[in-house]
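Two complexes follow with chain A in common, the first pairing it with chain B and the second with chain C.
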Partner chain A sequence: MMIRYTCLILALLTPLTLQAEPIDAQARAEALIAAFKAVKAPHEGQALSAADLKANEAAFLALDGFLDREALTHAPITPHAAHFKPEQLSAFKALFWQTLRLVAYPNSGAFFAAARYTLTPAKPSKEGFDVALHAVLEAEDLETDITLHWSRDGRLVDVSFDGASLVLDYRNQFGRVIKDKGVEGLIRALEAKHAQVTGAK
Partner chain B sequence: MIHAALALWVTLQGPASAPLVLDLDGCVAAALQRSPKRQEAQAKVRAFSARLAEVQAIYTPKLNALGYLAPMFTVEGDALRGVERRYGPKDWGPYTHFEAILSLPLYSFGRVEAGGRAAAARVEVERARVAEAERLLAFEVRRYALLHLYAIGLRPTLRFGQRTLDAALLKAEALYAEGGGTVTQADVMRLRMGVATLRRYAEVAEVGQALALAALKHTMGLAEDAPLRLKDAGLPPISPAPLLSLPACLKRAAAARPSWRMLSQGEAAALSLVQAERLANAPVLFAAGTLAMDWAPTRDDADNPYHADPYNQITGGLAVGLKWDLDMGATRAKADAAQAQVEEIRALRAFAESGIPLQVRKAHQGITSQTRLLKHADASLKAARAWMTFATAAYESNTGEARDALEGLLAYLTAKQHHAEQLRAYHEARAELIWAMGELHEGALEGAP
Partner chain C sequence: MPLIPRLEAGLAWLARLTHRRAGLSLLIAALLCALALLGARRLRLDPDLAHLLPERFESVQDLHALEARAGAIGYAVAVIEGGNQASRRRYGEALAVEIERLDSIRYVDLKRPVSLFEDAALYFLERADLETIYARLKARQRFEARRHNPMYLDLEAATPPSLDFSDIEARYQGGERGWLSQQRAATYYEDAQRLVIMARPARRSTDMGFAATVIEDVEGAIAAAPPPEGLTVALTGRYKKKLDQKAQIQADLGLASSLALLLSLLYLLFHLRRPRAVAFTLAPLLIGLLWTFGLAGALLGTLNLLTGFIGAILLGLGVDHGIHLMSRFEAERAAGRGRDEAITITFASTGRAALIAAVTTAVAFAGLSLSEFRAFGEFGLLAALGLGLVLLAYALLLPAFLAFDRGGAVPQRPAPRRAASRPRAALWITAILSLLALSQAPHLRFDYDFEALSDGRLPAFLLDHEVNRILGYSQTPILALTDSPEEARAITAALRNGDPGGAIDFALTIDDLIPKDGPQKQAILRQIHGVVSRVKPSWLEDPDLLEARTRILRMTQATPPTIDTLPREILRQFEGPDAGASGASGRFVLIFPKIALSDGARVPELAAVARRAAALDARRVPIAGEAMILADILDMVIREAPWILGGALSLVSLALLVLLGHPRDALLALGAALLTLALTLAVAGAAGLALNYLNIVMIPALLGISVDGAVHLITRWRAGEGLEETRHAIAGAILTTLLGFGALTIADHPGLRSTGALAALGLAINALISLISLPALLHFMTPRSPHDDPLHMLDLGPVDAPDAPG
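And then the complex of A and B:
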């Protein structure tokens, strides 16, 4: 199992080592979705087994390879960076990254496992490439248009839902929390969420 | 042994009644086979066909015959010699009588022919009425089926909303109990109100879908407990095929709508009836043959040819004649009534000449307008979905308000309902255009835009 995931990670990282070659963003999107689907999500009211937790470690690592951690953790606070002390900045980024992984990876895995989706060919964008996909959750009669925004080096830098950017939304949300409760308030809110998803609370 | 008994029991129970699973066109086809409305219209065709056969039978030979047997006492003698009547027990014998007239109408100076044309045209009117009833039935079936699909199509969305709100309420109640200040009493109550409102919507949708299904079964001529199920789990999406242009729809309605056939045949029938009524005072030329026979052995046969003997005789003969039934006043009144029918039908035709194209134009514009409105509903749904997604995500990550999450969810559910209503209005407009054009199937709407 470990060898398989190591191979997968190596395969996913290949575009990074071949900088001269343009990335195939659509294939990368397919691989990202496959990686999401590999994440084990607990059934309602149940905890994951030890084997599933072990499998998830590898799945999370594989998914980390797709995401631009620095872009995703810094972009949401770019206009507010001046309010952060250096130690607050690093604490925020670590906390946000961990929370993002713990929430987004299983949720996205469950979503893509249940959804029917179609990908459209990649289009060039300011940051790199955009890959749009139309997903349908038949059980909930829910349709959504998702756009995966890739950097030129093949890392995910943002996701849009029905045309609205997730990073931009975080930026405004966090801005409002910082304005109302300060940077400490934002970090406390994220700590509470992190504690909730890790079961520490 | 037990297995054999069980097998027999299962056989006697018969197969479980499998549900009838149909799509929209399947419902229409089934309704056309079973609906009492169509059967009623078809019965009228048979009734008027019989009336036509009755008119056509006028030129066939008719035979009127009468015969009887009666007891007769004895009578001897004749008018010149005097008679003796005896009534003793042995003086009685049979008296038999038979008479027959065979007649054949030969010529009615056009009256029968006009009546035949009126009856034949009336049969065509009733046939066109069957076609019109079929199209109206198809329209009604589509409307009820769409209403049912609309209601069952909302189920997943309502379930999703209920699940999401239940989870949000649980979380909000827990946070409120902790007293951290992130959730207020108003937030909790707002969520409780949302949960209750959604349950109400779900119940209304369930009642609505059941009522629409019952109405659909009734229209299709199915029993109330017939296990009917629609193939689709919700309203079909907007048709990707281009809609036939308005001039083409008008042209097709001018050719296919059964109302035109009803009007033209109705006018022909009324005109022929006027002619037939005006000829009602004309005679009928006929040929006839008659035969009469009487026999009473207890009475003396009078052989004097100048003495009519009704008890012992044979008479007969052939003749050609004319028969009049003159009633000037009644004839004129009936002809006037028939003429009034002609004028009524002509007025209806004038009304239809502007009304049918108006129906087609209205339904066609309804489709194009609903298609445009659906685009706005799509945009509204998309925005509400994004609102819900981001507001819920913010609430889940402790950086957003419960109120925003609830408003986002309710906005999404409202937009989803509006979208479904718009989609139903679009499909209803299509069903109306199919009917207005005098067609039966969805395929009639496809063509060059």
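And then the complex of A and C:
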């Protein structure tokens, strides 16, 4: 319950934060990580309890406040938009956002819960600010460098893992799938992924 | 006075003189023998192929230039076999220390300088390939990063990007890249069964004495550090191969000469039937041989592959004269003539024929002596001189020995009736068989395999092939003796671009060991290092992958090699012992042939490519190696062959014309010889006996030998004497010549064996022509009426009795 309220407060405070100039990107990053950690992930082979599902609703809502939905869904598909019919494009973006939330939020939560990480001070970038963090997953003997790319209004517009941009990776992936299977193939693949994720939940 | 009667009179006078002054003749002969012994003691056997060419040849001069700069050429190689790898290595280390202590050894190579090729190996890859490797590693890293990215949705179920680099590896399998790969194939020069120790001799000398010293020293080192139980050590390499080849030729020489002497002795016993007569026949021959060897020692100093057998060959050729002379003497004695009269007749008549036969054979050999190929030239010279000396020995000593002959002559055997009793049939059979044989002439071929010159089946030669296989390259590549890096680069570029037939495998300069674009490659390697270092050891369960990661991390941190960081073991392959640290005296270009050096048909192409590349604008860079020597030998043999054959034919024709004194007689003798030669080559073709670099010498030689029988027959026929005793002597003479040459057929050396086989075939055919065809022809050429020809007293004996005139 405590986490739920925390997330809710964070979400409500977000617009206030955006009004501050300049934003404290490092603090935003820490808040984002905390929001990720608030997401409940099921144990292997088990489903989430009703309470956890309820808590996740609030956590998801809080996280939505950090992420720039338009940037994260629009930027990867824009170069391929010509292949879509208008209604297909908006439906695809909506489904992609939903699926991304269902996958990225719990996975990121699990990741940051298991990781030891250190943040470096924010650096200005073309879009706004970058906050780099070095994460160590001791259980997997994995070290990774993550960069959180913030817009000037304090929304997350991209995430780089070991230098590879998430937006760019999605853009490339969509391009490959469209090339191999067409837009319908891409939509089918996304629907299958969504079904898989929701089925698991 | 015409030549022939003067010749007869002169020979008869000499024979009477030496017979009457037997003691003085023997004393003179003894003095000559003493002098000959002094010369003969100097003689050494030298089987080195390079010594068969004249000094003025480029390949020989270049070889000397190489010896001057590189010091010793090639290695003394010890091969350890048996036991297991660890025991071979252990013993190899100990033996290498012993060998390196020897004064005759400059250095020993036991291990490859892997540190350079291990740590800096990636610098020898092309920059584009390094970039490809980096791109593939990066792609895989990104894939793994996406896989671990908690915010990534995989809609593809993509397979991981491949980390297969076999396509790049394949590009580095052959040529100089392969050589580089080979350098890091194993630490030791070894395979699953053998370990190789390569010892570079210290002195710049290629003579047999030095080769023997090096091998004796290495054998001494092995004796000082004997192999433990289960291990054996065998020697090979350039020096051991030379010694083994020499030993093989010496063994062949001893066996062939002994066999020729024994068989000749047996035949003489059968033919002459009097031990004393046999002794009188053989003694001048052996003394003549001693004089020949004495002269050879004084003139040449060495015997080569072919002249090593001059003893056996002269034994067979020279005994002919003894058989003819002794047979005639015995026949005259059996006919009731006194010793003096028999000697006079023998040397006047048979002596003249022997002299003509000897001169015609000698001029054929003398034609060979014009050859620049020392194997042929010296053989021709010694054979011609030897024949003259043997004949001189007979003229000087046989009448003298006969002064001590107190025995009576053995009654002559009645002459058997033979095929020539049907002269028409004999000629028809000759014609038909000749046509049949000549139809096979197109099957005759020239075997370009250089094995005719050196026996590749000797154990040291076979082991040497194995060593080359283990090394991955030849121990003795062709070397271009460049004076500057610019020259080396120019030659390498010319070799890489000017070899359309693919005779060269690759050429290597010191430049090839200094990677190009070192700093740029270093930058790429640092990037690769960055990628690979992120791969945690804990992710790699396979120990091989774990080791590969460690190795790659080390290799990607290496600095680019420079001339100063090259290991000495590598550098010394490109320079001689006197090269300074800066290589100021110039370094070599190593040229590795793709074709086998036994492939004589393509060796000239290899040599031509190398020579074209070495002909720079400023100067001709010396190019030295066995291939260049072999190419020159082949070129010379092919270029000289028509001239030598033409010369021999002209000289024999002239000698016959002058000495027989009648064009028709000369033509008859020459015809018999040419038919012998043509049929020999045709039958050799049908029998699969190919011509090669050595046995080709038998073509002019057979021309000279084959006229002998015809000369004796025609001389007797001209004199109106019976031919039967002559035919008997001819059969004996050819048989003994055949024994001399035929003894070579038991030689281990393939070239000598084929020379013996071709000679035996030619002599057998010559026997048929001399004993059957020519007498039959002479029968038809004999005038029917006593008024037609002054030779009306011609008596062809029982053979020709039914048709003989008068």
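Here is the rule we use: the second predicted complex is superposed on the first by the 179 of 201 C-alpha atoms of A that agree within 3 Å, B and C clash if a C-alpha of one lies under 4 Å from a C-alpha of the other, contacts with A are read in each partner's own complex, and residues count from 1 in each chain.
Definition applied: a residue touches a chain if its C-beta (ideal position, glycine included) is under 8 Å from a C-beta of that chain, and two chains touch if they have at least 3 such contacts.
Keep in mind the model is a prediction, meaning the values are calculated, not measured.
After lining up the shared chain so the two structures overlap, which partner does A:159 touch, if you call chain B first and chain C second: first, second, both or neither?
The answer is second: A:159 touches chain C but not chain B.
Is A:87 touching anything from chain B or chain C once the two structures are fitted on A? First, second, both or neither.
In the superposition, A:87 touches no partner, neither chain B nor chain C.
So, does A:139 touch the first partner chain B, the second partner chain C, both, or neither?
first
Mind working out whether A:169 is in touch with chain B, chain C, both or neither, as first, second, both or neither?
In the superposition, A:169 touches chain B and chain C alike.
For A:111, using the defined touch cut-off, is the partner it touches chain B, chain C, both, or neither? Pick first, second, both or neither.
Touch partner of A:111: chain C, not chain B.
Applying the touch criterion given at the start, work out whether A:177 contacts chain B, chain C, both or neither, answering first, second, both or neither.
Both partners, chain B and chain C.
Residues of chain A that sit at the chain B interface in one complex and at the chain C interface in the other, please.
99, 103, 141-142, 144, 161-164, 166, 169, 173-174, 176-177, 186, 189-190, 193
Give every residue of chain B touching chain A within the complex, in rising order.
Interface residues on the chain B side: 153, 156-157, 159-160, 234, 382-383, 385-386, 389-390, 393-394, 396-400, 416.
So in the complex, the part of chain A that touches chain C is made up of which residues?
So the residues of chain A in touch with chain C come to 96, 99-100, 103-104, 107-108, 110-111, 141-144, 159, 161-164, 166, 169-170, 173-174, 176-177, 186, 189-190, 193.
What does chain A use to touch chain B in their complex?
For chain A paired with chain B, touching residues are 99, 103, 138-142, 144-145, 161-164, 166, 169, 173-174, 176-177, 186, 189-190, 192-193, 196.
For chain C, which residues are in contact with chain A within the complex?
Interface residues on chain C, with respect to chain A: 141-142, 145-146, 148-156, 534, 536, 538-539.
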